[in-house]
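Chain naming follows the written order as A, B, C and D, and within any one chain the residues start at number 1.
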Amino acid sequence: MAPAGPRFGDAIFANVERVNAELFTLTYGAIVRQLLTDLEEVEEVNKQLDQMGYNIGIRLIDEFLAKSNVSRCVDFKETAEMIAKVGFKMFLGVSASVTNWDADGTCCGIVLEDNPLVDFVELPDTCQGLYYCNILSGVIRGALEMVSMKTEITWVRDMLRGDDAFELQVKLLKQVPEEYPYKDDE
Amino acid sequence: MMATTACFIIVSRNDIPIYEAEVGSAAKREDAAQLHQFILHAALDIVQDLAWTTSAMFLKAIDRFNDLVVSVYVTAGHTRLMLLHDSRNDDGIKSFFQEVHELYIKTLLNPIYLPGSRITSSHFDTKVRALARKYL
Amino acid sequence: MAAIYSLYIINKSGGLIFYKDYGSSGRMDTNDSLRVASLWHSMHAISQQLSPTTGCQGIELLEADTFDLHCFQSLTGTKFFVVSEPGTQHMDNLLKVIYELYTDYVLKNPFYEMEMPIRCDLFDINLTQAIQKDRVALLGR
Amino acid sequence: MIGVSKMKPYTNVLDRPLSKGKLEVSLSAFAFLFSELVQYNQTQVDNIAELERRLEDAGYAVGARVLELLCHRDKGNRRETRLLGILSFVHSTVWKVLFGKVADSLEKGTEHDDEYMISEKELLVNRFISIPKDMGTFNCGAFVAGIVRGVLDSAGFPAIVTAHFVPMDGQQRPRTTILIKFAEEVLQREARLG
């Protein structure tokens, strides 16, 4: 198991090729704007953002594994730490922390210390139901699904809605055992 | 010393007003506000020609009406900040324009704001009025 | 000169999604390569079940008289394997490079559909370069 | 709780200082996002021309904002009023900020007076993208063409902007040329300004 300390994520981020965050932020903004125009309903936009995140997540997980060189996590706790300390840092250059564990260790909160997606954003009255960063929840859900973890991810705090932080609740629904392709009953 | 009469508008690239405010200390009068906006709109043609003769954004006073003066600031994207006023305070006006310009950029950068649409944020309005009290 | 004979990529359901021949001595047609892929997928899975140690991740190296087969399976279940001349060194490094190229030029390509055969020019170009580089490095030793 | 002390309290976007443009994210994060932009738009269209138009529209939204931001932040509130000025602004300032480097070249079209070309050996957005054979000459650089058009149009230089692959001698990969064809009114104004 590679060390998942905060500096480990920093070291990876320092070594990957980087681009100006404004290009990223404005491109994401253009996507949200397109969805608002195409789909009209804020609820539909939330769904589509989550779906797009999922599509990214199922691809991005391999990049994460290839470039971070981490091996299989022993449990969900370690997985959550890995997402927060290495994942967010490696891709977005920001730190996140894991909090609010439940008793059986299957549900926690990931709190973002910074969030490049929202740099210029203010939700007008007409978009109050929008989860602007919903792509992030989809990314985590998709990525974890590829390593056999079914999760449910919801925003519990959103600064664009007046909260004091961005916090995602990650709930492990079930850990799918690795499939042996030849079952006896087939 | 605050200007007694001042009317401020922001006009989009397509000549549509996207924000208006009467910011003078004089008592607000409906008919005066209409006249002020009429004068400002009439000055748009002058701005249109002048804007291409200089790379500066602050065009200073470009037109007058009786004792009222029209000062204009043209942004890179040809959004025009226009002020009708009776004061003679170029530096204050310039600072006012520059700070409103920055507020406008922040508004524009918001992906949810459609460029050229009306600025409806009450926070924007509050901040512009505060800047007017500070500089005009 | 040590040589790589061929490269295979198999998706997590055992489908061959990429195959490249770098000059094997025995000619293989498409059917042969598909057969090798599905056979390897099964053997790899069976080896995990057969292994006396728990948490076994499947066969990493198969040594035969006429070839070596080096396999790398990502945690997401995609398998990459190269068939090479017996005794060829550093194939695990090469497989890791290939995995990275796959994450760059396949997974970031909007026109690539997940789990489907890989048809990406840039992946081919960069793969060829990586394998050439590998050969040069071997010659230099 | 770790990290909570670093959280910034909620502030309205108008009260926060304007971005200095120094922050970075990984190229991969952008590449995955861009790939998803292309994939989403593919689901919204029937043909390639339509896909190009939609990517261009997305880029336009970026360009219109970038013009206003960069003239203020990087150009000290100077507007570009001349054709060569705005072209060099796109080729240098915009490219440097968005793509981390000045564009490889800016040339005037040889056949038409109203055409200019900005070329890049490897456009950042195309770094990981291979175009399938059945998509012909389609180029995801349409997004960048849209950014360029957004900058030019907003600055008062309306133009038709398109992205093309151009094969290069001795190179395995074609370069991308962003072709800019200015509207007649732009050239007339240039002539007037002398």
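Just so it is clear, contacts are C-beta pairs under 8 Å (C-beta built on N, C-alpha and C of every residue); 3 or more make two chains touch, one makes a residue touch a chain.
Remember, it's a predicted structure, so these values are computed and weren't measured experimentally.
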I want to compare two interfaces, C-D and A-B. Which one has more contacting C-beta pairs? C-D
Between chain C and chain D, what is the separation of their C-alpha centroids in Å? 38
Whole-Å gap separating chain A and chain B, where each centre is the average of the chain's CA atoms: 43
Between chain A and chain D, centroid-to-centroid distance (C-alpha), Å: 28
Taking each chain's centre as the mean of its CA atoms, chain A sits from chain C at a distance in Å of 30
Give the residues of chain A touching no fewer than two other chains, as numbers and ranges. 26, 28-30, 33, 59-60, 63, 67, 119-122
Chain C residues counted as touching two or more neighbouring chains: 104, 108
At which residue positions does chain D touch at least two other chains? 12-14, 19, 28, 32, 34-36, 39, 61, 65, 69
Name the shape of the chain contact graph, picking from line, ring, star, complete and other. other
Where do chains touch, given as pairs? A-B, A-C, A-D, B-D, C-D
Would you tell me which residues of chain A are touching chain C in their complex? 58-63, 65-67, 71-72, 146-147, 178, 180-182
Note which residues of chain B are touching chain D in the complex, please. 13, 51-57, 74-79, 98, 101-111, 115, 121, 123-124, 127
Residue positions on chain D within touch of chain B in the complex are 12-14, 16, 18-19, 61, 64-65, 67-72, 75, 77-81, 85, 154-156, 189, 193
Report the residues of chain A in contact with chain B in the complex, numbered from low to high. 26, 28-30, 32-33, 36, 119-125, 127
Residues of chain B touching chain A in the complex: 106, 109-114, 120-121
